[in-house]
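Across the two complexes that follow, chain A remains constant while its partner is chain B and subsequently chain C.
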Partner chain A sequence: MTANKLLEVDGLKTEFKRDGGSITAVDGVNFHINKGEVLGLVGESGCGKSVTSLSIMRLLKDTPGKISGGAVRFEGSDLTKLKESDMRRIRGKDMAMIFQEPMTSLNPVLRIGKQLEEPIRLHLGYNRKKAREHAIQTLKLVGIPRAEELVDDYPHQLSGGMRQRVMIAMAMSCHPKLIIADEPTTALDVTIQAQILDLMRRLKEEKDMGMLLITHDLGVVAEMCDRVVVMYAGRVVEEASVKDLFEQPQHPYTKGLIRSVPKLRQNVRRLESISGNVPDLSRMPAGCKFAPRCPFVMEKCLSAEPDLVAVEGRTDRKSRCWLTQIDERGGETVHEYSAD
Partner chain B sequence: MGRYALQRLIGIVPLLFIVSVLVFMFIHLIPGDPARLIAGKEATLEEINQTRVLLGLDQPLWKQYLSYMKDMFQGDLGNSIRSGLPVTEMMKSRFLPTLWLTLLSMAWAVVIGVVIGIVSAVKRNKWPDYAGMLIAISGISIPGFWLGLVLIQIFSVQLGWFPTGGIDSWKSYVLPSLTLGAGIMSMIARFSRSSMLETMREDYIRTARAKGLMEFVVVGRHALRNSLIQVVTIAGLQFGFLLGGSVMVETVFSIPGLGRMLVDSISFRDYTVIQAELLLFAAEFILINLVVDLLYGVLNPKIRYADN
Partner chain C sequence: MNTPLIEVKGLHKSFVVKKGFLGESKYVRAVDGISFAIRKGETFSLVGESGCGKSTTGRLVTRLLKPNEGEVWFNGQNISAYNDNQMRPVRKEMQMVFQDPYASLNPRMKVKDIVSEPLLIHTKMSSRERDKFATELLEVVGLSSYHAERHAHEFSGGQRQRIGIARALSVRPSLIVADEPVSALDVSIQSQVLNLLQDLQEEYGLTYLFISHDLSVVEHISDRIGVMYLGALVETAGKDALYDRPLHPYTQALLSSVPVADPSQKKERIILKGDIPSPVNPPSGCRFHTRCPSCMDICKQIQPVFQEVEPDHRVACHLYDETIMGKDGVHIN
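== the complex of A and B ==
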């Protein structure tokens, strides 16, 4: 099991300085990604998904954020302890990232080819000519027609979908082992979304990469992922295989998320939603962070926060809820979860 | 780019026309009768009328404008009311010192200003930032005449490295351009710092970092060019103002430039000279605006390709 792990996030804690104090945006997050696996990271805006991904890549520079605890093990080595120069060798090479906003994620004053060649020359050591050829090859790989001409274009000459393909090409260019995709299709039209997801799945299978797919769209999760981690208020609240998550969601938050997905076949007038908002990170409730919005809230939820524990003794199925921890025999907690 | 440049060039034609009309009208804005003024205080009515015919002031306005334009294209801007010398000749000798002073001041102010701006932005809230901004604040706050006098006192009087004034060699320009450039350098430093900070927050900077690029490549290749667009605007404006000549610096360092010439001609009501200077300043500004527009095109492909 351990040998198969590509990335292991272990108790990751990221804090942001704000007004003299600090708030914890990511608080003790645990998950792992196996080789060749797609892990979905799901949650509402502001739940710490993106901060988690930036923490893994150590791209928190120029934000007030800082990793204050835990470890991020990539192929065994702890990224949080690496020197910046060693981290640079991993960024863009073994671990690459695709961002949410294709419209603003490319530099407007540099040609597409130039931007693509940068990581290729840096990490693969190619000369200009060879890097350009490789860039064109990669653009073809992501399904861009007339790639030979497009390398000399500027970003503003391309559509959003094309730019996201360029971003994917850029991430793919140095044959990464892990791709972190932060809401890669959120900013795109629905038809383009499907194309980009198809492309990402095809590439993932061809190149046997691991992928961390950050999204708030459960449709994307169902289509792309092997396993899912659900985050709420900076914590993991549920972990499951995609099948289990949709068939038997354990955590009330996950249940709410699944219920909120509009279903075409059912004739309902109102959209389901989870009432209330994500709590302000500086004014967190004392017990379970979801308690104020939870339809099943109990006395205990308000005073003590549950741990993330295995459900029914399965190692691949975890939930952070008192409901799943009080078993039918009347006992209290069962199967305390501990990091491997 | 060629098309863009051509469009800009064509765009200045109507501007030049409007400016020329306004400048031409200037002589008619003078209170009283220009013919009387030019003929002199003791002139008789007959002499005044002669002068009027001589200068063509009895002709309809549009005819006057045409002949004014014709003369201008032949390099004739009339004679100075005060000295009777051709204005073009006077301007020629005054223009070069001002041009040199402007070029030298701008050159060091832009280079040093941008460098300070970048360093301050990259090392934000650390000591290089504080040092850079201290220099910038000082540069803006210190009055030019005082700085000029202090520089003369130290480098001319005490050390004897540079002349105290005049325009004898390149050495004469060192202290004046230091004085003149200080304020501009400070302004550019502050502008490039804030522009750089803004650029460093862009998504594509994060993309560049995610590629594993070294920080100096991220700053130098990805951030600098984008943030220079704002700096070019402010530098262009300053360049235009300086080309008008700085009365203060030209006075402190006794440089025979356009700034002093303008003040002299205003105090002697030398309208033909004032008019010629107006024309020159307007033309300079239009030219600099053109250059700034072209630089936008060079820096930003979006502007360059906008019409294609």
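== the complex of A and C ==
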């Protein structure tokens, strides 16, 4: 099992300096991605899902953020301990990233070909001519028509869907083992989203890559992912296979989230919703971070934060909620709250 | 049959994109000949992808934009040629809720002033009356009276959208045009706002023109729906007819593209080829022919007529044209 793990995030903690103090955007996040697997990272704005991905890629250098604890093991080696020069050898080669907004992540003054050739020449050591051929090949792989002509275009000459294909081509160009896709289709129209999801699914199958798919869209999760990690207020609150997550969500937040989404041909008159708002990271509630919005809140929830523990003794199924922990022991809680 | 509150007939709106030398200007035909009616008390939604003209239509209906051609009838009066003075009493009847709750509220104003500003223009209420009314409105939309003295930046996205809704409600309009009102919100907040909109509709007998790209949200909130593509309506129908029996190939593809939040459900997906063409240079004939999986020769030359093929179900597609397809027609699946 361990040998199969491509990426392992272990107790990751990322803090941001703000107004003299610091806030913890990601607080003790644990998950792993197996080879050839798509892991969904789900949550609402401000839950820390994007900061998690930037921490994995070590892209926080130009932000007030800093990894302050935990480890990110990629094929066994801890990325948080690597020198920047070593990290640069992995970034874009073994691990590549696809961002939400292709217009802001492509350089507007460089031709598509130039931008694609850069990582190819750096990581694969190709000369200019060979790199250009490889770039054209990769563009064809992601379904871009007239790739030979398009390499000489600038990003603004392409549509949103085409730009996202270029981003995917760039990520794919050096044969990565892991792709981190942060809301890759959120900026796209549905018919274009369908094209891009189809493409990503096909490429993943063909190249047998692992993928971390970050999204707020439960529909995308259901269609793309093998396993899912749900985040709330900087923490993992639930982990499950995609089937279990939708059929038997454990955490009240996951339940609320799934029920809040209107589904096609479901015909409910009223949607269920989660009352209140996501807590401010600088003014976090004391116990369970979801307690102020939770319909099942108990006294214990307000004072002590539950751990992320296995549900019904299963290793692939975890939830961070006192309810599941009480149910299991017939009223007895697993973790006792200590005074500090 | 209910009398329509809004009736739109053959509406056209173009914008200049490039002023050329010697008058060679280029135009985007943002809205190109659309007609629909909204009955009193119903929710009519316009769906479509970016650039299809749905927002422009909303602005034309509320006369924030003046149409180049065509008519907008509101409550039996043709308002398309009204000047600003004539429009003022009509504007009290139609209010808008915008997509971005961060951009549509003035950051320097207190919430009570934002909410009661329409009253300053449309009524003769004293400032004390307005303040009292504003606090009442805040409670109607699920905020508290103590929020009245605060500024917009102190609120979350969902709360700001509630403020925007309170402002729209202040003059007791009969029509609310809501342009992507929940698109900027997280799902758990989105359902709160959708429920609020439904409650308010029931309580005040409001009519909604709801503009959205999200087909699941549209299905939830609408009675009738119009699907737009490149500035034109391709299909209008009641909610059940549209979602159970979509006729236009574009509607079919659009519906099949929506990712379903249920991993046990595997569906046949129609994946459209290519991108949405530029509205500066729309394709000849049927605008959808470049991406249509059932494209015929005639589609490239002749624009299909928007016609009723079933009661209250209109579609603009040659596949349903009896004169072309013969009496039996062809029904694609």
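Convention: the second predicted complex is superposed on the first by the 325 of 340 C-alpha atoms of A that agree within 3 Å, B and C clash if a C-alpha of one lies under 4 Å from a C-alpha of the other, contacts with A are read in each partner's own complex, and residues count from 1 in each chain.
The definition used in the following text is that a contact is a pair of C-beta atoms (placed from the backbone, for glycine too) under 8 Å apart; a residue touches a chain by one contact, two chains touch by 3 or more.
Only a predicted model underlies this, so the values are computations on that prediction, with no experimental measurement involved.
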Chain A as common anchor, with chain B and chain C clashing or fitting: fit
First (chain B), second (chain C), both or neither touched by A:Asp62: first
Contacts of A:Arg235 with chain B and chain C, given as first, second, both or neither: neither
Cα-centre angle that chain B and chain C span when viewed from chain A, reported as a multiple of 10 degrees: 70
First, second, both or neither for A:Arg227, with chain B first and chain C second: neither
First, second, both or neither for A:Lys5, with chain B first and chain C second: neither
Dominant toucher of chain A (residue count), chain B or chain C: C
Touching partner for A:Lys204 - first (chain B), second (chain C), both, neither: neither
Chain B versus chain C as contact partner of A:Pro262, first or second or both or neither: second
Which of chain B and chain C A:Gly161 touches, first, second, both or neither: second
Minimum C-alpha spacing, chains overlaid - chain B and chain C, in Å: 8
On chain A, positions contacted by chain B and by chain C: none
Chain B-facing residues of chain A, complex: 57, 59, 61-62, 88-93, 96-97, 99, 101, 104-110, 118-119, 122-123, 154, 156-157, 167, 170
Complex interface listing, chain A residues touching chain C: 44-45, 159, 161-162, 189-195, 197-198, 216-223, 242-243, 246-247, 256-258, 260-265, 268-275, 277-278
In the complex with chain A, residue positions of chain C that touch it: 49-50, 156, 158-159, 186-192, 194-195, 198, 213, 215-217, 219-220, 243-244, 253-264, 269, 271-272, 275-276
Partner chain A, residues of chain B touching it in the complex: 200-214, 217, 221-222, 225-226, 299-302, 305
